[in-house]
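Two complexes, one shared chain (subunit A), two partners (subunit B, subunit C).
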Partner chain A sequence: MSGDKDSPMDVGQSDDFERLKGQTKSESLFPKPPLLNPKNNKRQDGRGPKDVRPIYVQTGVRDGAKGSSYVEMGTTKVLCIVSGPKDLPKKMDFSSTGIISVDVQLVGGKMSEKDVILIKECMEAVVILEKFPKCLLEIFLTIMEDGGSSIAASICAAGLALVDSGVPIYDTPVGSTLLYDGKEFYLDPSKSELDSVDLTDSEKNDTGGGIVTMGYLPTREQICLFTMEGKMDAEVLASAMDSLTNVNLKVFAVIRHHSMELMKGFKETKPKVNK
Partner chain B sequence: MAEVLLSEEEKYYLVLGVAQDIRVDGRSRLDYRSGDVEVNTVTNSHGSVRIRLAETDVIVAAKVDLGVPKTVTPNQGTINFLVDCSPTASPDFEGRGGDQLAETICRILSSTYAKSSSINLKSLCIVPKEFCYIVDVDILVLQCGGNLLDVIAMGVKACLGTCEIPRASGTRYDLGKPVPVFSRDEFQFDYLDVSKAPVIVTLPRVGRYFVVDATLEEESCSKGKLAIGVAPDGNITSVDKLGKACYQVRSIAASVQMAAKVGVDVNKVLSDRIDKLKKSKLHSTKVWQAKQDDEMEVS
Partner chain C sequence: MPKDSQSTTEEEEYEYDPEEGVPVPKRLLYSDDKQKFKPKIATGTPCMPGQRICIANEYFEAGEGAYEFGDSIYASTLGFLQTEEFAEQELTVVSIKRGDGKPPFTAPYVGAVVTCIVLSRTQKLCRCLITHVGSIKLDDVVKGIIRREYIHEKHRDLSEVETSFGVGDTVLARIVGISDGDFIMATGEDSLGVATAISSAGYYMVPVGWTRMECPKTKETLPKKVAKIVQDKNVEYWHQRNLNSKKESDAKTEKA
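So, the complex of A and B:
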């Protein structure tokens, strides 16, 4: 049952009941700075509301792996390794299409089961599963630092690792996040910005506010992952989706550039092992 | 979700029917099935509801406990959710089979009720920083006939709306520390204000169209669905794309608009029902009291 008889000390600590006890969500008790500095209309890290943090991508970071990638979106760092397709283990039933298993390790926390399922279903939509029946494709994600937009960075990393591994996919997925505070959109929010918007306060929140994450397939113009929490009007949500589509196209430009380099000089791009 | 096996011909018939706005049971794409809500099904909880929508049957029970507010939100109470997909609902739910589904539903409910100003959590606070109510909502799925998430969300709203929160009539000081005082009269309680609580409208995609309140057969014909939380004022409280399908931006935008309209109607019907249930509860307790007085006079 959910009502664990905790001592008063424990009740105040963990946010979600499904998280393991002992892991606390480190929240600052100091007053949170406003999202937009009124003096120069910039965010706390100097960006404008529509500016995205710098992105770094690299593939072939693990020599032994079939496909691997490393993506940095601002301070969020995600490493992805793809293993397979390999034979289904005996305990799993026959499947006429491939099966994907996604494992996400978040350093210093645990990603909620629902977010892992969202990423898994996104990957199932992206990979051409019909091409390998009775096979298992494993995607291992390690979020080394969650500086905000971790689901989006995970999608980018997984997509790139699939490109690196040569597994047939419909399109390269990219992801991005948007924060809405009732007045304006803030693209690619950092963790401190996400923490500073208090969505639990119902009196402050009548104008709305929310966090939207979108996974996008740029060439097909389709959405492969979508989740929104908070409270927003339907029209505001529609324009948030348009903003996110634009950001995703910008992110895709970076990933596409890297993929082209990868295709051109496949052997040269993989880091060589020093002998 | 519990799956049914359909032949290709049956699927074809279903999908073509949906395209012509006539579903297998005769409904249009935007019609809900009929159902009902009962209260007081679990007598040892503070609030309980059994909600049925055709074959989908769910019991939602809420227990109110005294606890300490979280340090970061010192003047708010908390609402915790636990979903249990019972094996009686579907053989797929045996052992750990239902866990993934339960986790997803739980997470959607938790983030909706914590983060979208659906319930004023401040009303659950008794003494800031010291005492608050912790409402533990347990959801038991008895039978799964499709559209589970919607039914659970409606049940949660009804349960929280008819949940009897004991009234703290004040605080007294015990060795300098405040202690809440509860009224001795067990018929003195408050109801939570659920006028802003959302319902969830799940829209599976069958063929090229979205349908509302899908049956198990319709769900097995769809590759993916959108679960959209709609507040009574038409605002959207959550959107989750579940399943393996991909959508165009305008598809999602259009379905969100549709869900907003449908959600407002569903909220209205549910709110009216909750009000009727609250009135009938009050009436039955008054009758019980009057009867007791009569008996005492006779003896």
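So, the complex of A and C:
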């Protein structure tokens, strides 16, 4: 109505309330630490920029489920349960191939719809859908603690649960995240590091910066998921993908080691297979 | 077949079928016979999903737990490698099987023989719930229908749902297609049809012919599309029934 829409104090008359965002966290109370500690040239949690947080994987955590897994990447903890092919509900549209539904629950929050669709499309690329026509495969993910790079951990957990369940898949998917602050790559960033980088600010400074998440099929050498936030040069992005591939292979080595340990248990129960 | 054709010139990529006059791609020739039947990886080796097992050609075929992509066979589940050789057809089926007690992945597919329970029936079709695929139980039941035309192989128009199935019967059927809502099943073959049924008195009925089933207690008979399978529990009843009918016929002849 009035001419002076630009004045932010005029709350009663301006239409867009969204522009007036209150500060949720006081910067003086929660100061943003630099990514690299200048004293010893290491990150705030004491690892080098190319180091990955310790990974712990476990399968068969839930009895009665078709397949289940638990993945811990540093402080990120993800639980995944796969429940077998079911008859399609009447509401859903008919399809001659299988359908996958992914349900993500984040403790103390909600994962954005965009990320859920990303994980779902990644799973559709991994599972052989022709093997169960007109049936529904359900994947339930519970992120028990979000300590950064939760999409990557979810992909690892879902892949491991699919391996445990025996659902036919093209390859074992793994994922990892990378943070770029304009100078250096920080592999497998934690939650505080992701919060401390302001992507909009770097765009102003024109140094670039971004968060890249990549899902990878190690033996087929294919990328099953790719998402990026921020601004990066093409050459930088190419080198980021190279280092992400290396990390993915490291993560796959952990999963492979665990599944081989799992297979040893199979052999003891049934020595017939040895023939 | 390839041993005989080795004498012919190996440069030809196609050989001509004399009857049809159409070029047929020639089978690849291998000097090493061992390569034909055995993949390089030994049987019993543990495999991860996505691991390459062997080359995919006319001598190797992907079985359960494996898939073909490009010119290779890959594993699709976690398990141990197992091979099955068919010497006559010169074929080796490569499959991956889990060693633990978990049943292999199953889902109904076109061409599978399934076990289902009749839920309801109308004049045109009867609705069923699929419980098993082959011999493996499904985690969750799947809906399916048997149309009137698919009950018998011959005289399709004459067959009726009411004289073929009853509600609650266990039926063996083969999936022949997928429609908008359900799997379409057929019971045309001899070995397919009603396997077990329960009479109104509450006893398991015994087949006494190709189209009839009898209650062992009340002797009531119902028309069914019976599956021609011999169940051990029925054999004794058939024996008794034959003896009784013989006695009756003997008595009749004596009277006469």
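Note that in this section the second predicted complex is superposed on the first by the 232 of 275 C-alpha atoms of A that agree within 3 Å, B and C clash if a C-alpha of one lies under 4 Å from a C-alpha of the other, contacts with A are read in each partner's own complex, and residues count from 1 in each chain.
Rule of thumb we're sticking to: a residue touches a chain if its C-beta (ideal position, glycine included) is under 8 Å from a C-beta of that chain, and two chains touch if they have at least 3 such contacts.
Note that the coordinates shown come from a computational prediction; the quantities given were computed from them, not determined experimentally.
Colleague: Regarding the shared-chain residue A:Arg256, is it in contact with subunit B (first), subunit C (second), both, or neither?
Modeller: second
Colleague: Between subunit B and subunit C, whom does A:Val57 touch in the aligned arrangement: first, second, both, or neither?
Modeller: neither
Colleague: Touch check for A:Pro168: first (subunit B), second (subunit C), both, or neither?
Modeller: second
Colleague: May I ask you to decide whether A:Leu217 touches subunit B, subunit C, both, or neither, giving the answer as first, second, both or neither?
Modeller: both
Colleague: Given the touch rule stated above, what does A:Ala152 touch, subunit B (first), subunit C (second), both, or neither?
Modeller: neither
Colleague: Answer with first, second, both or neither: which of subunit B and subunit C does A:Met111 touch in the superposed model?
Modeller: neither
Colleague: Using the superposition on chain A described above, determine whether A:Leu187 touches subunit B (first), subunit C (second), both, or neither.
Modeller: neither
Colleague: Residues of subunit A that sit at the subunit B interface in one complex and at the subunit C interface in the other, please.
Modeller: Subunit A residues touching both partners: 217, 220.
Colleague: Sort out for me which residues of subunit A touch subunit C in the complex.
Modeller: Subunit A residues touching subunit C: 66, 83-87, 90, 94, 96, 98, 128, 131-135, 162-172, 217-220, 256, 259-260, 262-263, 265-267, 269-270, 273-275.
Colleague: Given the complex with subunit B, which residues does subunit A contribute to the contact?
Modeller: 1-3, 6, 8, 11-13, 15-18, 27, 29, 112-114, 117-118, 121, 124-125, 199-203, 205-206, 208, 210, 212, 217, 220-234, 237-238, 241-242, 245
Colleague: What residues on subunit B touch subunit A, complex-wise?
Modeller: Touch list, subunit B to subunit A: 63, 65, 67-73, 76, 80-82, 100, 103-104, 106-108, 110-112, 114-122, 134, 136-138, 196, 224, 226, 231, 234-249, 252-253, 256-257, 260.
Colleague: For a test of understanding, state which residues of subunit C touch subunit A in their complex under the given definition.
Modeller: Per the touch definition, subunit C meets subunit A at residues 43-44, 46, 48-52, 65, 67, 69, 74, 76-80, 82, 97-102, 104-105, 107-110, 138-143, 178, 180-181, 183.
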